[in-house]
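Shared between the two complexes below is subunit A, which pairs with subunit B and subunit C, respectively.
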Partner chain A sequence: MATQETTRVTASGLARSRARAATRGGPQKQGTFTPYLFMLPYMILFGIFVAAPTISAFWISLHNWDYLLPGKPFTGLDNYIDLFSGSGSAGLFWKSMWATAQFTIYSVPPLVIFPLLVAVVLHQKFPGRNFFRAVYFAPYVLGVAVVGILWRYLLDPTVGVINYYLGLIGLPSDIPWTNGLPWAWIGLVGMTVWWTAGFNAVIYLAGLQGIPRDLYEAARVDGASRWQQFRHVTLPGLRPVTLFVVTVTILASANVFGQPYLVTGQSGAPGNATRTAIMYITGEGLGRFRMGSASAMSILLASILAIIGAFNFRLLGRRND
Partner chain B sequence: MSGDRARRRGLTRRDFLVAGGGATAGLILASCGSGPEGNPAVSGSTSGGTGAKYEGPNVSLAFWNGFTGGDGPFMKDLVTQFNSETDNIEVKMSVQEWADYYVKVPQAVASGSGPDVGIMHINQLATNAARTVILPLDDVAQTLELQEDDFAPIVWNGGTYNGQRYGIPLDTHPLGFYYNKKVMEQGGLDPESPPATGDDYLAALEDLKSKGIEGHWVSPFLFLGGLQWQSLLWQNGGELYNSEGTAATFNSEQGVAAMTWLVDLVKNGYSPANVGQDADTIAFQNDKNAFNWNGIWMINAFKEIKSLDWGVTQIPQIGSEKAAWASSHNFVIMNKEGQDPNKIDASKVFIKWVIDHSVDWAKAGQVPADNSVRTSQEFTALEEQSAFAEQLPYVHFPPPIPGIGDIDVILETAVSEAVLLKKEPADALNDAASTADETLQENAEKYGTG
Partner chain C sequence: MAEAAVASRPPGRSTGSRRPLWWLAYAALIVFTAFYVAPFVWMIVTSFKTNAATTAATPTWIPQPFVTEGYSEIANPALDQPVLKWFLNSVISAVGHTLTVLVTASMAAYALARMEFTGKRLMFGLIIATLFIPPIIFLIPNYLIVDTFGWIDTLMAVIVPTAATAFGVFFMRQFFVSLPIELEEAALLDGANHWAIFTRIVLPLSKPALATLAVLSFLNNWNDFLWPLFVLVSGPNLTLPPGLSQLQSSYGTDYAVIMAGGVLASIPVLIIFTVAQRYVIEGVARSGLKG
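This part shows the complex of A and B:
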């Protein structure tokens, strides 16, 4: 609604200025390359940092590639076929993909819903509002290393603070937060929500501030309750923002690396249950220097994420007005 | 915190960015850097200087290592002293996390901007030799007049790959048996006579248990559970791999017995279940854990805790023979393309000097590799380090097979599954062995060693 209005305004403004330009006989024609020249600076960065590495990764994925060994035999699609061959290492890769999927499934709903509630509360006017906005955003400025070490000591099953306090209030004090299931997932998702919820909340807050006040007034005049206002004004008004938040959160969760690496260890305790795809790919490429197969895995993971992203856009980007 | 501990637990922000930026980031570097071609044994020139003296023009050497913990300042002091005693060589030391270091050094060397001289763990030598990151040093050993007699044989022989020497051993850092005297007293044990045999050990744990103390916390991680298991496997007469390094043998009867012994500590209530990373050591420092088989690098960390009353001795003999896990820091010279021969000569002088002064390095919590240093009065005065040194005749290293470090994470998975009681010891080890076999064969094919 708001966006449509903006579009209309811009379109009519553009028409007016074109008309003006035409009547004055000004420079109404633009060169064929003008739009491309405007895009050039970004395209250069995109080319160097996205397109070229992607192409190079695909090329590497067709080889048995260790950059230090003189022989880098071309193996065609073998690296991809191996991932579906049912061999032991392929099994470990898919296990790590499943760990990533689990983390994404468990972490995205709380990371989408909880920050929305926080944003709605922080959008109200009350004393100390800016203080609380800062409080919720504060953890996000910490690096993953800080957050990881901090939570490892909080979550430690035997000497950790959380179990200690659980014990004091009479709850079980031996919960394996870092090396038992499902506890490890709960710990990892919990620390991630604590760490990154503030970022999503800020995005929502910006979205809330973009919803025109008169829509709420009109709804109130029509006798809408607060819930109905939330349901029929706030949520539709946040649709584009929500699409962004969901997409970015899925990608961030699917790329999870630092939290399990630091909290459940580099093999992903218990066993390798919490070793995620990025952890496995890192080990394959930068630990074992098997960059061909690591590239094949990266490209597979990226393709799956692209499909999920496209699906996500279709689902949430669809307009029903 | 020593380098080894740092290697496993440390993760710098940059480390995360490199890794988290996706494999692509690494791959750009990979595709840009062109590795040194050809056989390093032929292309690398390490001739010239005697190692006793360097008389060429002034040179500056880049010296990289991973001594990020309490050991860093000791090495820094050695370098400072060397620089002040040597007019025409200036060594610039730079330190980073070991995990980072082993990723970065090959890339830096390949691009020609890497270090001139560095430190590598003994289990990394074969990999880096096969990947042409480091130069063979047989002539260095000759010109430095270093030979087997000067060193503990196990350490000296561990520095070779394919019949050539790639590392000049600086030290050995074995696992030892730390005991908390205060906790032993609480358990009614004599704090001056820690158990030395399997029977005594279990009897002591039983005494501690009767006083409500869990006496040996078993870590489900490679550090330390995995190192304790490997020590026990060797004590039972087992081996990790076959002699060619193409198949895992750690799931043998001896390996399973070793793992079962550790798992039984958990099952019998001598250890809590689900011990967290480092929690065994933290509990030891907090007087909750009596016995901790930990590395020599903990000496200075434990000394810093004034309230901690502890001792250290050899790992008790649980199996049929004595054995203990150990690793070793080795000097290496990097295989940089077009390297200035003067720098190689200067590197030799520096290496020789540090090894001659390695008693100062021992104070950081190490056993010097050099015999004359190790038998010196100055070293034998270091009570704890000397206790570790007595294990030297029977310490074990991983075999010199390229890519052998790849197996660590597989071993850790097995230790985790067994100690956390997710799988029976035999099942956990059999599963790990079949994964390890695949990896070993892939590596044999890749490095042409099969």
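This part shows the complex of A and C:
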């Protein structure tokens, strides 16, 4: 490093460097502790709130860790075994995992495709482009609590405007968006698309800007139609960005909490059908304070997500060569 | 219809490529965008209605009568739901969190970008690795840690733990590495120590990155819902997101009040987004390109 830095220094700096090196013994005169002092404030936070929790999550999951009881007996893998043997609340947990899987399966395709369309449109040159980009991104800065209370009102089966307008155009005006299936999923996915599509669109836009223009020119010279250009230049060019969007969206959807919590309620109407894994785990660990089993559930969920993430990178990365 | 009006305008005023089809697409975009904005407009409109009007059989886009009852209700200091106190708590939390992130992340990132020391690779590797750990893992242990510190139901619980995110360090390190090193080396040769170089040369050169990180940290903290929902317990100590949830459950169908709370929670982030749009969008775009 020291030699590398010296080679990059400007000519005058280099001259001075030589002069000083003669008297002081080189430009690297940082104290031994200096780097650690710079690292210290962050590493304290990191150690306490990231590193220690990662380890203690496993430790807690090996105990019957009830926050409200004095003893927290070591129970080995019992919390995990219980989840797979179907005893106690395992059934409700797996039901919540299924709800999470459904939300992920329903929400990822629109969250990957619709923002791509938005990005392709906003990538064109037309008046007010930056304004439109801001509008599509804006819902994302609102936060899930605002979006949740707003959509709870919009989707209300009796006083919501969505049912009102559906009635006006001759469709059923009593659709149970907040407490019936499959309507609850459609409502939750719809509001999530509204909320986060702009985020994905901005990432796609950055990807589109990274595709060299000559590729389009070459395609046009070869007589490629607009669709062919999109299919053979744009999509391949966006592959790494798409990989990122798909992975981030799967992880975000699998962690869904606020939308159902605020729209279909804490118990996930109808009948726990939309109570997601994060809702169940928080209820188990921080509502009923059964932290041992909740930690085991967290680790199980996190492991599944890690596997999906790794699989994703392999799947999409493989076609990248 | 706006669609027809726009479509009938003479095409190709500036370039010959603007055919009727182009105008039609542009009109469609405007209409679609109007639908996109409608939910947000509806929140604002509703907040100026009477509670009775918010559940009327025929909804209207212009409040009649136009009232500010929703706002005076949430501004009432004698209220069970002290929304203005929540607003203040959210400001303190978001500002405190942002400052913590800026100081700790930029210092660590500077060491990682510009210094050689034993354990550097290990530390950086560990920090980056945690970017891939689903945050649900931290939830219960961090609840217990925060409880040990006596921080449950205090703003410390929402300011500090989330500042440990690896994103800030990663983001600032990438920026520092991209800065030309010559100025720093010249200063080092002139006898300046690393602290002086960091505060007088590197940080002033890093204003765009710091602004981006500040805006993203502020928005994250302002909007954080799950964590404060569980670590903040009593009425006066909430931030706005868990507060809005409580407003929703205690006001039921008084949508004017609930939407007034929503508007209040949206104003700061929308102002920040309008003013610092470049930083927000660039920050998001850059985070994507990293992947």
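Operating definition for what follows: the second predicted complex is superposed on the first by the 263 of 321 C-alpha atoms of A that agree within 3 Å, B and C clash if a C-alpha of one lies under 4 Å from a C-alpha of the other, contacts with A are read in each partner's own complex, and residues count from 1 in each chain.
Methods note: contacts are C-beta pairs under 8 Å (C-beta built on N, C-alpha and C of every residue); 3 or more make two chains touch, one makes a residue touch a chain.
A quick note: this is a predicted structure, and the numbers were derived from the prediction, not measured.
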First (subunit B), second (subunit C), both or neither touched by A:271: first
Partner chain(s) touched by A:143 [first = subunit B, second = subunit C, both, neither]: both
Contacts of A:305 with subunit B and subunit C, given as first, second, both or neither: second
Partner, of subunit C and subunit B, that touches more residues belonging to subunit A: C
Which of subunit B and subunit C A:129 touches, first, second, both or neither: neither
Touched partner set for A:41, first subunit B, second subunit C, both or neither: second
Contacts of A:87 with subunit B and subunit C, given as first, second, both or neither: first
Subunit B versus subunit C as contact partner of A:226, first or second or both or neither: neither
Touched partner set for A:194, first subunit B, second subunit C, both or neither: second
Residues on subunit A lying within both footprints (that of subunit B and that of subunit C): 52-54, 56-57, 60, 67, 143-145, 148, 152, 158-159, 255, 257-258, 261-262, 278, 281-282, 285-286, 291, 294-295, 298
Sites on subunit B touched by subunit A in the complex: 8-9, 11-13, 16, 18-20, 22-31, 33-38, 103, 106-107, 110, 131-133, 217, 220-222, 272-277, 279, 282-283, 286, 288, 403, 405-406, 409, 412-413, 416-417, 420, 422-423, 434-435, 438-439, 442, 446-447
Touching residues on subunit A, where the partner in the complex is subunit B: 52-54, 56-57, 59-60, 64-70, 87-89, 92, 143-145, 148, 152, 155-160, 174, 176, 178-180, 255, 257-258, 261-262, 265-267, 269-272, 278, 281-283, 285-291, 294-295, 297-298
Contact set on subunit C toward subunit A in their complex: 26, 29, 33, 36-37, 39-40, 42-43, 46, 54-56, 58-59, 100, 103-105, 107-108, 110-112, 115-117, 120, 123, 126-127, 130, 132-145, 160-164, 166, 169, 181-182, 185-186, 188-189, 193-194, 198, 219, 222-226, 230, 240-242, 244-245, 247-248, 253, 255, 258-259, 261-262, 265-266, 269-270, 272-274, 277, 280-281, 284-289, 291
Subunit C partner contacts - residues on subunit A that touch it in the complex: 1-2, 5, 8-10, 13, 16-17, 20, 27, 29-30, 34-36, 38-39, 41-43, 45-46, 48-54, 56-57, 60, 67, 121, 126, 132-139, 141-146, 148-154, 158-159, 161, 164, 194, 199, 202-203, 205-207, 210, 240-241, 243-245, 247-248, 251, 255, 257-258, 261-262, 278, 281-282, 285-286, 291, 294-295, 298-299, 301-302, 305-306, 309
